[in-house]
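One chain, subunit A, appears in both complexes that follow, with subunit B as partner in the first and subunit C in the second.
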Partner chain A sequence: MNGQVFSLPITEVGECDLKGSPKLSPQNYMHYCSPGSGGWGIIRVALLVPESVMLFVSPAACGRHGAIAGFHLGFKKRLFFLQISENDVVTGQHLDKITLATAEILNSVKPKPRAMIICSTCIDDLLGSDYDTISTRIAKDYDIAVRLCRMDPITRERKTAPEFSVQQAIYDFIPHSTTSDSGVNIVGCFAPIEEDSEFYEVLCRAGINKIRHIAACSSLEELYSMGCSTHNILLKPAGRLAAQDMERKLGLPFCFEPVVYGMDNITGAYSRLEQFLEVKLDTERFREEVLGEIRYYQRRLGQISIAVGESINASPFELARALSEYGFAVPYIFADQLLDFDQEHLRWLQINRPNIRVFTNIHPTMVDILEEKLTVDLAIGLEAGYFCAGAKTVPLTLDSQPYGYRGVISLLRQMLDAVNNPRSHREQVYDSGLVI
Partner chain B sequence: MDGLYKYLPPFAPDYSGVCAVLFEMGGIVVIHDAGGCTGNYTGYDEPRWYDGTSAVFSSGLRENEAVLGDEEKLLGKLNDAVVALKRKFIAILGSPAPMVMGTDYRALARIISKRTGLPTLAFDTNGMKLYDVGQSTAFMELAQRFINPFALESLAAPEINIIGATPLDMGSQANIKKVIDQIKKAGYSNISIWGVGTQIDDITLACKAKLNMIVSWSGLATARYMQEKYNIPYVTGIPIGDQASRYFRDIIRHEGGIQQESNITRSSNKNKSHINKVLIIGEQVMSNSIRTCLRMDFGISQVNVASFLSMDNILREKEDIFLQQEDDLAVITGENHYEMIIGDPLYKAALNPEYRGKYIEFPHIALSSRLYWDRDIDYIGEGGKAFFEEQMMDERSSYNYWHGREI
Partner chain C sequence: MKKIAVYGKGGIGKSTITSSLAAAISMLGFKVMQIGCDPKADSTLKLTRGEAVMPVMNYLKEKGYYPSLQDIVVEGFNGILCIEAGGPTPGIGCAGRGIIATFNILEELHAFEVYQPDIVFYDVLGDVVCGGFAMPIREGYADEVIIVTSGEKMALFAARNIKTAIDNFADRNYASLRGLILNRRNMPDEGKIVGTFAEELGIKIIGDIPRDNNIAIFEEQNQTVIEGNPELPISHIIMDIAQNLVAEGGGQ
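What follows is the complex of A and B.
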């Protein structure tokens, strides 16, 4: 061990240091990248568009992880690379090659793609390359819907950071619809809400039969039909830009109601959805049912300690609060940022669980974290599983989308499964196809 | 089409090559990027990352710093990291975005070294060149910066340096250990493998070695530099196969007089294979060594090597092929009537659709990354002969089996 690994007592999270920077946010540090960090990545998100292909225009370095994840997760056949050379950077020739590459891709892919996403990277931002003109020309010449996205992490502090702008790009395929069918779109998340969630039944009983999600669309027409819905429910902050765009262009109002795991938080979310959708949502029965099931899982799991990470399908602070309320001990949280949504839950934890330590995932001292020998029974999140070596791990990735009261049961079931049938953490990391 | 890759992923980039060499050296390695490049290396190019604790970081470059050329922020972050983590040296590496800005890494390294008091290496990587170039630059930098012929003799001097061994080319650490076993069998005891189990101090007396053994193209430039400057001969090759490994041990026993391993064509007719023409796709030294195995252990004389990576003319046979773009693979496998191809599994998708021969999968981490890096192939020494013998007989190598299967 070379020195102390950086961490904060939860009571100091939210404070600023002497330089005025948030203590938790390591903007002024080198970034460590743990084996458990990452997520879906821009390419995988963009390829949610049905019947689409992506042309990724970049240096070799930028596309490699996306391509390997593509092989692993099965979307590589829809992903093509136009590699930029040093000469291209000087001459701009790579921009001329995009049209030729498009022709070759469209001729070789069967069935012929109906949508195309062209993705550029940081260097084209800095070069000021004009992709708009190129995409307009390609759309016209090849009669294909084309949208642009960027994998440009240097803009991460902008409102149009890549994780926001890629969602803007995929929903931008949806045209304005002149007809309406009172459907509801779920946006921001990458998988439809789990089938066993009461959400579908609750909305159906309120007269809302069509609940749409991009990953459930098998054709462009189905994607376009999201324009017939009347409301968007935004589940992830990264979809906010897209939701705002859809509100402006398609006239679809949205509300942000992320997945939460605390019973009162879920009740609050349904209450706000009632107001937003202007319908009565009958959820009481489901709440009672789930309370009974929670007691079963509490007995089965016992008094276990749990570390909570950030790369999960949850807010780490809300989840830590919920787990604490269910009677579990949460000694550690691993998080790099504090969103507005987290504030209420942070305050609760500061008052009720002041002994929690919060580690910043990307702080450089985390390179020595394993020497701290943090011990918990269970970790939620792959990075938490890595930092607490030996803990049984629930990845709780974005590959499935729990929601509502039954979302709690989904989580508890995964926790019990991890306790009873632990998997190799290394295999869990590799299977997840994480991309930074 | 030039630059278009429909089937293959991009190869590991130059900064991954530098990082792979420096991974175990005990320094702070900083990729000047926004985060994606570092994640690419740590997640997809470095099998040791999961179990290791090397201080490899992203500088967390942001647009304003890039556009305004604000390098003070980087210097401040580095200074904080040096205070928090006690390490022996610093390396700063480039990525595509700072290349556009024309970042002067050598100047940065001088400033960093002055402020921190630590030796600082600068690598002008840009993510457009490939890992082999990065590795080559890193090995050369180590030789030029850290070898000190006047260092105290109390330090243990190696008898032999192995240069060019990284997981990107050699795969699992087990194979690197088996190479060491082969060298020990030849009578050496003090063996230094640059980048694997060695720290920066271990390079100091590398010039006292009797011999350099070069196991990938990326070690060649350093070997030639050390030959010229310190009069150390070098041997190029990896002991793959039964007879080839014996021959290899003979050569390194006679260290000093051999400048490079000749292209061995001795064949053993008793093991003559019915296969006549083979293509090996991969890194040049690895592929040449497999060729030697096929010739000596199986009597196959017509073996061509093709590579998308750098190829040294001296190590190249007349019919070896440098592949400039993905389409070239379809062209050469359509024209040359190969009966068997050896290469990373991902190359199969880019072959000529008319190819009907055998395909032996020999994963190369620099291409297929973690898709196959847990596939533990024992290819060193006698294990190499057994592996290829088994694969040639295996039904899974036949066209009817491998064609059309999903990766």
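What follows is the complex of A and C.
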């Protein structure tokens, strides 16, 4: 393209984005997709269900990238594809083949799967294929729990876009429980909160001993036990549809408290959790401890400059604010959207760090981003690492879930590690198993 | 809530009968919703005094984003909630897909939970030709199907096709067939012909509507005959069918 790359001074990011104007998120162009973009795909999320297999019903081309990424991530024995032909589209006979494919899968996979997710694609959306009846029949005939999900980017603008509906599907396995044990579920994120987070100790001291997460469930029964909890804490916005569904079907209220990295933001999050869970959470000691540790990392890292990306385990605006408050320079943010949650942090940055430039990952002019020769010491997020060529990169992917005060230490530790032991960006991208 | 899909050959009078039944049932004190599933988007005109209801598909075409319930639901005669699916420009796009998209949007907007109708009518274009036009009879949508027919050969041919489709779906918990409504065209032996047809296929005739000029007269004024004059004999006939419809049981 060889034109100027689209970016905004942070002072100009704001109102118009919230009103849907395509300033940060271009809607009228083809989107640029950098080598560092992507995240957890539908397959990976769906296969969080323990003892499950997935049958992906699609034309060959639609299944291709999921197959490659799925096998790369080690799902070869849990992921199966049923290819749809043009003839199938006209006659609808691929729907009959699903039952045959199921029989083949259940006869060949050992130990026998106890749950199955059938994934359809845009083409079955357009055909209006009735997967509900098929799944009911399979569940009955094979005594297996079956749920449906869709890999249908055609619904990308809708409330039921694939990344939202797949979470709805995985939590839909959980039945309503008549007993409760005052446990708490962590939903929306793909990994349990890191073991060294004070979160467990804080809640345990408040009398909440059972903290459940789908990725920590090794059996279907353990997943079902999430229905015995009394509250859901939602960590990622993509899980909101699922949390709303669980509230309606299982009677589990939820609150949205994403991971944050600023000390005052963490304190605020715990305070809201106290109200939501109706318990007293004693966190002061951990705050003090972590403040001491932060000073250690500040000394070790020094006055480095950091670019913040979007495909990270954080809100880019909140993280940029937190890093600024810890004394680091943040010259660039890469972000495609502005959520309500970001507003407060955006305003802080506009007042206190007005020189930050905000780029849009998906803007078509980003194809020329390398010519901008953006230079920073450290990039957080794989796409930020790509855009700022030569920067040492902290992937901060969704594969692990920092939270609370010690979440800050987890991040600073990764930053120091990246500075001391930089890795090839290409290797980091491959290792992450990103799916676009 | 009971949901009823009305099928039948094009031009047989489905919209007229559906609207009249909706009006009659609303007069019985029930909250009624009528969803027109035809790209022509003219199912509910007789309930709104001719006020056009913004079809869901037209809204999407014109605005480019998804509507709210207020954008697509118009309250017509006696509080009947009127919705039109609409569809593509003739000759392009996919009408069946339009119905699927409309149903998905209504589901996302929680239309039934918000309005809590007692009776929902789906007024469906023609025959069960593809997944889109079968959508209203799928599990979770209509509970019962009514086929409107006259004694004419092609109308009976379409009725047979619809019956066959419903039979094919028998093991899928789809809607059951409530019965036939004979909308007379005054052809010779019409009652006998349709009676024999119904007997052969094992279908109950749940209504026999004679040809009556009053229907057309009130249609000219964009009203149903029920709204126009509920005391007419034809209105009583429609009221009787409505009363039976809202009564318990009935599926075949």
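FYI, the second predicted complex is superposed on the first by the 429 of 436 C-alpha atoms of A that agree within 3 Å, B and C clash if a C-alpha of one lies under 4 Å from a C-alpha of the other, contacts with A are read in each partner's own complex, and residues count from 1 in each chain.
As a working rule, a residue touches a chain if its C-beta (ideal position, glycine included) is under 8 Å from a C-beta of that chain, and two chains touch if they have at least 3 such contacts.
On a predicted model such as this, the values are computed, not experimentally measured, just so you know.
Engineer: Once chain A of both complexes is superposed, is A:C33 in touch with subunit B (first), subunit C (second), both, or neither?
Structural biologist: first
Engineer: What is the contact status of A:T136 with respect to subunit B (first) and subunit C (second): first, second, both, or neither?
Structural biologist: A:T136: touches subunit C, not subunit B.
Engineer: After superposing on the shared chain, does subunit C or subunit B touch more subunit A residues?
Structural biologist: Touching more of subunit A: B.
Engineer: According to the stated criteria, A:L338 is in contact with first (subunit B), second (subunit C), both, or neither; which is it?
Structural biologist: Neither partner.
Engineer: Which of the two partners, first being subunit B and second being subunit C, lies in contact with A:G92: first, second, both, or neither?
Structural biologist: Second partner only, subunit C.
Engineer: Is A:H72 contacted by the first partner subunit B, the second partner subunit C, both or neither?
Structural biologist: first
Engineer: Quick check for you: in the superposed arrangement, does A:R158 touch first (subunit B), second (subunit C), both or neither?
Structural biologist: Both partners, subunit B and subunit C.
Engineer: Answer with first, second, both or neither: which of subunit B and subunit C does A:S108 touch in the superposed model?
Structural biologist: Once the two structures are laid over each other on A, A:S108 reaches subunit B alone.
Engineer: A:L126 in the overlay: touching subunit B, subunit C, both, or neither? Say first, second, both or neither.
Structural biologist: In the superposition, A:L126 contacts both subunit B and subunit C.
Engineer: Looking at subunit A, which of its residues have contacts with both subunit B and subunit C?
Structural biologist: 125-127, 157-158
Engineer: State the interface residues of subunit A toward subunit C in the complex, per the touch definition above.
Structural biologist: Those residues of subunit A that touch subunit C are 92, 125-130, 132-133, 136, 157-160.
Engineer: With touch defined as at the start, can you tell me which subunit A residues reach subunit B in the complex?
Structural biologist: 2-3, 6, 27-33, 35, 37-38, 58-65, 67-68, 70-72, 76, 80-86, 88-89, 94, 97, 100-101, 104-105, 108, 121-123, 125-127, 151-158, 364-365, 367-368, 370, 426, 429-430, 434-436
Engineer: In the complex formed with subunit A, which residues of subunit B make contact?
Structural biologist: Per the stated touch rule, the residues are 1-6, 9-16, 30, 33-40, 42-45, 49-50, 53-64, 66-67, 73, 76-78, 80-81, 84-87, 95-97, 99-101, 126-128, 130, 346, 368-371, 407.
Engineer: Which residues, counting only subunit C, touch subunit A once they are in their complex?
Structural biologist: 65-66, 94, 96-97, 99-100, 104, 108, 130-132, 134-135, 138-140, 172-174
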